[in-house]
Each structure stands twice: as C-alpha cells, then as structure tokens.
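Going by the order they are written in, the chains are A, B, C and D; count residues from 1 in each one.
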Amino acid sequence: MLIVMDRSATGQDVERVVAAAERLGLKAHPIPGAQRTAIGLTGNKGTIGPAAFENLPGVFEVIRVSHPYKLVSREFHPEDTIVSIGGVPIGGTALAVMAGPCAVESRDQMLAVAREVQRLGARLLRGGAFKPRTSPYSFQGLGEEGLKLLAEARDATGLPVVTEVLDTENVDLVAAWADGLQIGARNMQNFELLKKAGRTGKPILLRRGMSATLEEFLLAAEYVMAEGNPNVILCERGVRTFSDFTRNTLDLAIVPAVERLSHLPILVDPSHGTGRRHKVVPMSRAAIAAGADGVAVEVHHRPEEALSDGPQALRPGRFAQMMADLQKVAEAVGRTL
Amino acid sequence: MLIVMDRSATGQDVERVVAAAERLGLKAHPIPGAQRTAIGLTGNKGTIGPAAFENLPGVFEVIRVSHPYKLVSREFHPEDTIVSIGGVPIGGTALAVMAGPCAVESRDQMLAVAREVQRLGARLLRGGAFKPRTSPYSFQGLGEEGLKLLAEARDATGLPVVTEVLDTENVDLVAAWADGLQIGARNMQNFELLKKAGRTGKPILLRRGMSATLEEFLLAAEYVMAEGNPNVILCERGVRTFSDFTRNTLDLAIVPAVERLSHLPILVDPSHGTGRRHKVVPMSRAAIAAGADGVAVEVHHRPEEALSDGPQALRPGRFAQMMADLQKVAEAVGRTL
Amino acid sequence: MLIVMDRSATGQDVERVVAAAERLGLKAHPIPGAQRTAIGLTGNKGTIGPAAFENLPGVFEVIRVSHPYKLVSREFHPEDTIVSIGGVPIGGTALAVMAGPCAVESRDQMLAVAREVQRLGARLLRGGAFKPRTSPYSFQGLGEEGLKLLAEARDATGLPVVTEVLDTENVDLVAAWADGLQIGARNMQNFELLKKAGRTGKPILLRRGMSATLEEFLLAAEYVMAEGNPNVILCERGVRTFSDFTRNTLDLAIVPAVERLSHLPILVDPSHGTGRRHKVVPMSRAAIAAGADGVAVEVHHRPEEALSDGPQALRPGRFAQMMADLQKVAEAVGRTL
Amino acid sequence: MLIVMDRSATGQDVERVVAAAERLGLKAHPIPGAQRTAIGLTGNKGTIGPAAFENLPGVFEVIRVSHPYKLVSREFHPEDTIVSIGGVPIGGTALAVMAGPCAVESRDQMLAVAREVQRLGARLLRGGAFKPRTSPYSFQGLGEEGLKLLAEARDATGLPVVTEVLDTENVDLVAAWADGLQIGARNMQNFELLKKAGRTGKPILLRRGMSATLEEFLLAAEYVMAEGNPNVILCERGVRTFSDFTRNTLDLAIVPAVERLSHLPILVDPSHGTGRRHKVVPMSRAAIAAGADGVAVEVHHRPEEALSDGPQALRPGRFAQMMADLQKVAEAVGRTL
C-alpha cells in the first residue's frame, strides 16, 4: 500500500501513520517530497486493507498496490491451466466449441439440437435446466426433468454436458447429472454458491457478471479455487454499458488481459454477448482471433419457437458456417478446432 | 408489441406476421406507411415475447410496449404502500432512518453502535451477520452468532433489526432472528433467494443491483410479491458507472421514477452509494429532498478499526449532524423524521 | 509517482528505473518488499508522466499519485470562489437560479418566458441561440438573431444572459452579446474553444461532458483558468450510463466532491440531467440539498410546441412550484434563494 | 412513431392526439387494446419528433420507430462505399493499415517511424500535429510545423497522410497539407467542425465519441455527408465504461452493426481502444476477424520517449508481428492485406 499525505499534514501525522502500520506488523517507508509526503508500506500479507489508514488525520489517499488474488494468478502458477470437462480439454491448443439451446425445452428439441451440433463439430453440449429469468412470469426451465434430458442427449451424442446451477440447494442434484457446472453472470458474486459448487470438484464454468471488474471476476474464481477445486474456466459474456445496439457489450480485451494475469482458460459467449443472431458469427471469429480458448454459443433448430432468448440463437445452418469460419481463424492464430 | 417491417418487406411477409400473431391468440393491426409497414399487436397477457416474431422474414424490429410487471405497478395499485418492519412504518409521512455497522463484529461493538444510533434517533437497526465479500480472504461475518448479537441489540434498544440473507439455506435461520430481511445488490437477481425470502412473509429490503435497470429492479420485487408477500421496500445503493470519484454512482432520480411507476416505498443508502464518509451527509439530504422514504446508513463507533467498509461509516458525531440536517430537510419537503 | 516492479524484476531492473528517474531530475526512493520492490518518485512538477517508465524492463505498473490540476484546486486556493455574472453572484450563500427556454425560438417566445421566470424569481436568463443538435436535420438555432433576442430579453427583465458558444469562430460574437458563455457537454474537451472562450475574460459556465471523469472536468476548467480567467462555474448535467429511465444519470455526488477538491462554484441542471419534466423538481431539490450553488432549468411557456427538448421543459406553473420548494430546501441547508 | 396511451386515458384524449397528428400532416392509426390504446403515426418525413405529443393529456409514452439518418443508411445505398485516401482504397477487399506515432514530435522521429511502417506494409501514415490533451500542461503538438513534417514523410515514403483537425479555424490549413482529415472522439459532436471539415471534400476519418451511441455516431457522419461529402470512414476507438483493465472498452460488435445499417467503411483503433501495448496485437486480429476494413495503430520507434500516449505505441518489431498476424487473419476472412 502507498499512503499519500495531505500537503498540510504535520510531522506528527506522519508519525501516527507509521506507528499504526507498525502496530499491524507492517514496515513503513516515508518518502518526503517537495509538496507532500508519501509512505510506502511493505510486509502486507493481503489481509490489511486501506480502511486501517484512511481515517487517520492528515491522510489524503490510500492506494492499494498488490492484487488480492493468489491461486488464480499467473504470478503463482506461470503455466497455462488446461481444464478437462468430461475428457474434453479446455485451454490448450485445441479450441473448445460448446453449443446447445438456451433452455432445455423438450426431449425432441434437446436431442435434435444435440445431434446437430455434434454432427457439425461441437465438443461440448450446453442447455439450461434451471433458468434465471428476469420476470417471474417467464419460463423457468424444466428443472430435474431437464437434467435428465441433457444426460440423455449426452448418451446419444457422446458430448459432455455443461448446465447452470442457480442455487446452493440444487448443487448436488446438478452435479449428479452434469459434467460441468455453470455459474451464471447474475450469480458471479453469489459467494455461497461459488463455495458449494467449488466443493463438488466438478469443472466450473464461471461467467463474468454484467458489471464485474476483472479483479472481481478473478476473485470469484479464487472463491472456487480456495475450496480446493482447480478446475475453473472463465467466460466473457458481455457487460452492461450505455451502448445500446447490442444486448450487452462484449468486452473482448479481457481475453489478453486474463492471459496476462491468470493461468485459467477463458471462453467467450457471443450469443449473450451480443443478443443478436447476425452478430454471433463475426464476434465468435473475433473471440478466437483475440486468443480465447473457445466459444459457447446458443443453437436452436427452430429459434422462432424458443422459450428463451430466441433472437440470439443460431440455426444449425448458420452454426455450420460459424464452424467453417472458426476453422480458418483457428489456423490463422495457430490453434486447431 | 409493435412490429416494424423492413422497407423491402413484401405483402406476404406482412401476412405471415399477422398469421403468426393470430396463432398465438393476438390481434394484429397493420399500419401501412409511406416507406414501411408497422403492425400493432394487442391482446397480449404479457407471456408472449418479441422472440416469437423477430425471426420471421421481413421483420426489422420488434418493440415491446407494455411493462412486464404487475403486482409492483402503481397502475394496478394506485395508493402508496406502507410496509411495517417490527412496527416501524416505511413509506408514509414519517421518514425511516436505518443505521448500524456494516458488519456485526462483536458484542461490545454491536451494543455500543446500537445504543448510539437509538439515542440519536434511528428507528431501525442494521448490521451484517452474513457478509458478501469480494475476496474469499476478507472477513465473512459472524454468522448465527452475529444474528444473536443483533437480537440482543434489539432487546437493548427496542429497534427492529434488518440483516442480509445471502443464501436460500439460511433464509429460515435469518428470518427466525430478524425483523426484516435484506437482499443485497449482488443477489438482486438470485431468483431462488427472492422466492424463498418472499415466502417467509417477512418485510424484504431489496437493494438494487449494481447494473440493474429500473425494470429489472421492479421485476425482482415482483418475484417477492408473486410469492404472496406484499412487504417489499426498495433501496437504491448506487450503480456502477465509469464515474470514479465515488465507489458507486448514486442514481437518485430513481426515487421519483419509482414513485411514478410503483406503489412501493424506497430508501436510499448513501454509504454504499458513495463509499466516502464525507459525501454521506450531503447525499442523505439529497435523498430526502428527492422524495425518498428514508435512508440506510452505516455507523461505527471506531471506523478505523472496522472489519468491513470502514471508509464509508459515519462516527456517531457525524451521524448526529446528519439527523439534525435531515430534520430540516424533512420539514422542507413536508415529511417528519 | 509510484513504480511497482514485477516479482521477477532484478536488481539491475531497479537500478535502471532509478537511473531513468534521475536523468529526468526526479529523486527515486526504492522500497524493497518481501515479494516485490516499489519505487517512490518525488520532485515531479507534473510534467513527467507514467510513459517515461512503463516501458522499462521489470516494471509492472506505474501509479500516479498527485493530481495534474493546480489553478482550480482548493489546495492552492482554500477559499470558495464567487463568480459574478452581470452582477449576480454564484457561489456564496445566495443560490442562483438560471432559467429559460432550451432554444431561443422567436421574439414572442423569448420575451414571454423571460418575463415569467423573472417574475417567479430567477436571477439569470438562459437560452440557446446556437444549438448543438444530434441530427443535422433538427433546428440549429437562430444564431446571431437569437443573441439579439436574448439581449432584448435582458433589457426587458434586468436578468443577465448566459448562452452557449459552439465554435471558436463565434466566441467574439457571443461574448459581445452575452453576460456569460456556456461551454456545452459535447464541447467540454474542445480545448481550442476553452482557450478562446477563456481569453474573453467573460464568466464561463462549463458543463460536464457526458462521460467526463471529475479529473477531466477540473482539467477542462484548468484550461480556462490557465488563460488568466478565474471566472469559471462548473455545471453537472448528467452522465451517460446504462441506466435508462432518465435521459442521463444525474451524478449529484459530484457536488460534495467538487467542494472538497476545488474552490469553484457548481450548478446542477436537472432538466438535461433527467430529460423528464416530472423529475426536474425533485432533482432540483436534491441538488440544493446536496450543496449545489444553484440550478439551471429549462422553462417554456408552451413546451408542446418547443423546437428542442420540449419533454424536459417546465411550464411556468411548475417552475413556480419549484421555486417555492427550493425556498424551503435552501433554508434547510442554510442558504437563501 | 407509436404513441402509447395511459390505461386511464379517455376517448377524448385519444381524439386530441389524432387531431394533433393530423394538424402536423401525419396519419393516425388508433389500435385499441384490452388495457390501453396505442396510436401508430405514419407519413413522418423525420422532422417531427416525440415532443409534439409527449405533453398531451393521456399520453404515457412516445416511441420513435424509424431512424433519423438517411445518407449514411444502407437502406438508401445498399452497396458498400469505398473511400479513397490519396489513392488508397478503404472499404473493399483489401484491408487498410494506417500507422504512425500518436504525435509528430520531430523531423527525425517522424521520418524514422514513417520509413519503418512503410517498409513493414502500412498503406497510410498517421500522426498528430494538433493534439487534444486532457491537461493544458501537456504537449499540445507542433501545429503547422507538424503538418509540414507529415508532408515530408509522405514525400519520403509515398504513404498518404491522415491527421487530426481540432478546430474550425484550422480546417483549411490542415486540408492544405493532409490527404485525409481526422475528427477525434472528443469532437465527434463538434457539429461546426463536422460541417466545415465536410465542406473541404477531403476524406474524413470520423472517430466514435467516448460515450456515443451508434445512432449518434451515424448522425455525426450524416452531418459530413449532408455537406455533399460522401467520403466518410468511421473508426471505433473504444468507449468509456466501468471496465478498468483497459483505458477504453473496445466495442467491436459495432463492426457488424455498422455493416448492417450503413454502407460506410469502418476501421478499428486498438491502440486507443485498449491503451496497453500488449493488447494491441490481439485486438487488431479480433477487429479484422469481426469484419473491420482495417486498423489504425500507433507506432513509435522509441515509445519510452514519446511525448504522448507512449504506453500504447508499438515498437517496429511488434508492428511487424502484427502485420504478419493480420496477413493470416485476413486470409481467414477472405480479405487481403
């Protein structure tokens, strides 16, 4: 931490800060400048926050210098982590394409979509059995029945299944049926859910909150890892900004940012990230070009009848085009599909 | 809903939309313009969304016209709702001041702060026993022990107690001890929690999510009311924007906006809303002047030792000044403190 | 400045940074920590930026500590500045209410509105002769003819006139007719305009840009003051965020923030800040309660016929109600109207 | 336009709206629903805004249906526009790479950088002679001397030159030396500058404002085109959001969005769009993969000595790597470099 003193701070004020730091076991390094004094603090194990100093007389500002996350950090784990979901690796040279409907709606729908995406090259199956919906009057998902249909689709196609868990009470149920658990954007800071999902040991697909900073995102992953679960996959799905021509603003620069700070793999979801079907394919290409480890996209064989998020789902034909496009971009960046 | 057709849409395209609407039980009203046709749809009970039409050929845009919430809406319930928390009314002429520490830290701390705020005129006590913390390494609250200390502070002061519930698994526990349940910003769209908290019948203090639109906020309240619980109090606590001189941006215009659209009472939290102690008092005055039904503020007798959010907590002396200020502003706007 | 080194930085890397700092005339203070070294730099007159260090090997981050503005800073000028516009003081105990139509539309309109607002207690007259409009096909203002009508309204009412200047080429023309020059939000970083307007010596009403940070806002004021013109009045008019129930998000916490950092007076414009007539009065009360030095509001005697921004203009009846409300709030905060 | 009436609106209210519409030359189509009436309006040439109706009794909301821009719209001009800057086409199959220093600093620097980027495959040269700087104490550019150095660099390399014009007073001067005029983000809504720059007939590189919506961006281009100048190139350079790990948030989805709505070409600037050197190359790849017509990047042979924006400038070595990467991505998306 760095403590910046007021211009009008007295020598006594500086001494008081130094004493407070020493009481907390830190070492204080005053740096007298022409106009004001700054005080560098070292020896902090990350448990002492700015609050311990911000209220002392003469303190103008307290600036935190080091990052509060550890397990997710590349500084502590320089090599890339590869997470396996049901045998499919995420994070290495091969890109992962996860595809499926927004919501599991019926046996016919789920099997039809699963077979299409498998045939067209997807490596993982997605689909929501428990759906977080803005309105209480919208379709809330099939629940356990949906989990069974996902498992049936896995059996039919061989594709491992990732599905969202909404609540601590259902963690065990979802973990019993799925190969990977998704924590949705609205739950990125549902810390009890992060802990309980982490304790299952299952791979966790952690989606960025709509207004999460990178640090908050990495700290949410840290919650999972602190439970002893190293299998975390990050997923950018767009953030909320003033920009109104897409449903969310896909913040693709997080891909190289995560690569620099963390060893965890990162996917991009251009379906939620744009909310518009005709932007999904170009933004999936952009994600791979930026260095993402794969994409998660919504596919529906009859999107006009989808019970949830129809406008952003790809039909199989356009999904096939996306796969062909990604094939070429993958080669351009030295990856394989 | 209004469906705007492409300039190049054909008569057949228009007929296809009309047919689709009629299949769904809606009535379609085509409006041919000089450059394009629009189609008004009536008869929607709120269950049919834009997705049903956005994928049809020739459709340029689908615009939703009516709001998806009902129980929270002033159109359905013109009179102001007054919610009682442990006998203290929120929403009438009298303003509600809720005060207490961010986190319950110890018996001494909780009782000291509770007695101070009671003495200085607070009507409700707040304090976190379960704390949602960005980092897994930060103090996470005393849990059940904290709930007991809150109850002891209620007994000592007569102030009803509001505290946060983080998780469905703890809803019954928290409801057993507290007079009102707080749903925090990070959980505003934790729909399972909204439902379960709603079913307790306890007053629910629902805090706005960091990036929640007004409609999402009201729909979260609708989740609670749809469980048969009319006792919802809204709370603005700042949203996340680029503006960096406060921790969050306090969006005070939501006060008259809520007043216009909903019958529910609304409080403002200038502590989280600014994150800086010296801005709490002016923004609490502004909240009341804007028409809020009260404020929720953090008070700590020794903020420099607080385990959570020390920089935004008021000392008792400044809290006393706030109460004196609010007294005058309340009179200016025809309210009482 | 504080330079944070990588964990893996070598002693040589640290020496290289120290040498670079000394070449620039700075003094470097290395602070070796358990995990990494930080280097405090002192002696910076504000002209050396982070770029000089960010590219050196082993540098992880460069943190700027001091603020780059001087003339606007309260640290350099502790007393509040009171700016006079045509004899009306802005910034002292008395609040300033500036009112008038968004755009000057005709002689009849301008005189009618001016007489109404003067009768109801406004102290300053506003109205746009040159209008910045998002669309080239919208009404662009009456230009010089509008300036003459403003001057005529001033003669008829005795109210000093503030009007916007859009362009360096018109600075002298506008300065010849108006008592105060407004720099609009879209031009807050039109630095040539700031300089030229500053050189007129006229009072400058500087409106915050839609996405301006507080530091950028104060630096824009610094541009004016650096031309030798101390007569700057700041004006908060809402910023652009995701929040969509108002046209802009009125960021009222900037009022106490400016009061802390700068000696300049600040007004609030609740008309643009909300864009909705029914929110103007409550937010004008909130502005005064937060400590603003006055408000700037749009008034139109027939808003349904306004050529610009009709939905946010108050009719005279509601303006009268606002003045009555502000009278009471002013007293509550120890000001006069 | 669509006018949504209150649930409580009377038949008389509806008639009043219909009459108002007809007085304005529009045709009104009432759509009575179960709960409220909506009124579609047709025949609007784009000059009548919502204000004409929002104040009428019984009106709940006025929704604009059609877009206010015309000349920039793909609906009016279905084919892609290709703009030539000094003979280099922007918008066809061949991608345009524009490179150079943020600011022209000296003859040696300008020639050195120009020769490097030309050698490595750039097609256009950029560099600022007039610099918009947040602080009045920062380097403001060499002015006319900088323009001459740019021209000298063009003569030495054959690369056409694009440089920013800050002010109406300098439009003719800049147009005399440069092949293309850049309008910067801070001036995107400096409408007088747009008009005057438009009247030169020179190609205009229009950069998106930091908080500009897509509609505002296109309307700014409409200002230029309305002066009879069809040579507009759009440029995404990042917008301002809460997301703090980059200087701005690069909103790449605007590339397919523009492609859908407008015939104008669009470039992406990953240097300003991220503000961090190590993110420039991945985001340049992403831009091309998303469909952009080229990139504009900052290159400096000694970025640690740059007078402006050093941390985001590429060294020639990394620029060479970027060109190699873009070569491959271009092929992957069917373009050439």
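Assume a contact is a pair of C-beta atoms (placed from the backbone, for glycine too) under 8 Å apart; a residue touches a chain by one contact, two chains touch by 3 or more.
Nothing here was measured: the structure is a model prediction, and the numbers come from that model.
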item: Chain located farthest away, centre of subunit D as origin (C-alpha); value: B
item: Type of subunit A:subunit D copy interface by residue overlap (half), same or different; value: same
item: Intercentroid distance (Cα basis), subunit D paired with subunit B, Å; value: 38
item: Averaged-CA centre spacing for the pair subunit C and subunit B, given as whole angstrom; value: 30
item: Subunit C and subunit D: spacing of chain centres that average the CA atoms, whole Å; value: 26
item: Of all residues in subunit B, the ones touching two or more other chains; value: 211, 239-242
item: List of subunit A residues in touch with subunit C within their complex; value: 2, 4, 7, 29, 31-36, 38, 40, 42-43, 61, 63, 65-66, 75, 240-242
item: Residue ranges of subunit A touching subunit B (in the complex, touch as defined); value: 46-47, 49-56, 68-69, 132-138, 140, 166-169, 186-187, 189-193, 210-211, 215-216, 219, 222-223, 226, 239-240, 277, 303-306, 308-311
item: Interfacial residue positions of subunit A with respect to subunit D in the complex; value: 211, 213-214, 239, 241-246, 249-257, 260, 273-274, 278-279, 282-283, 285-291, 325, 328-329, 331-333
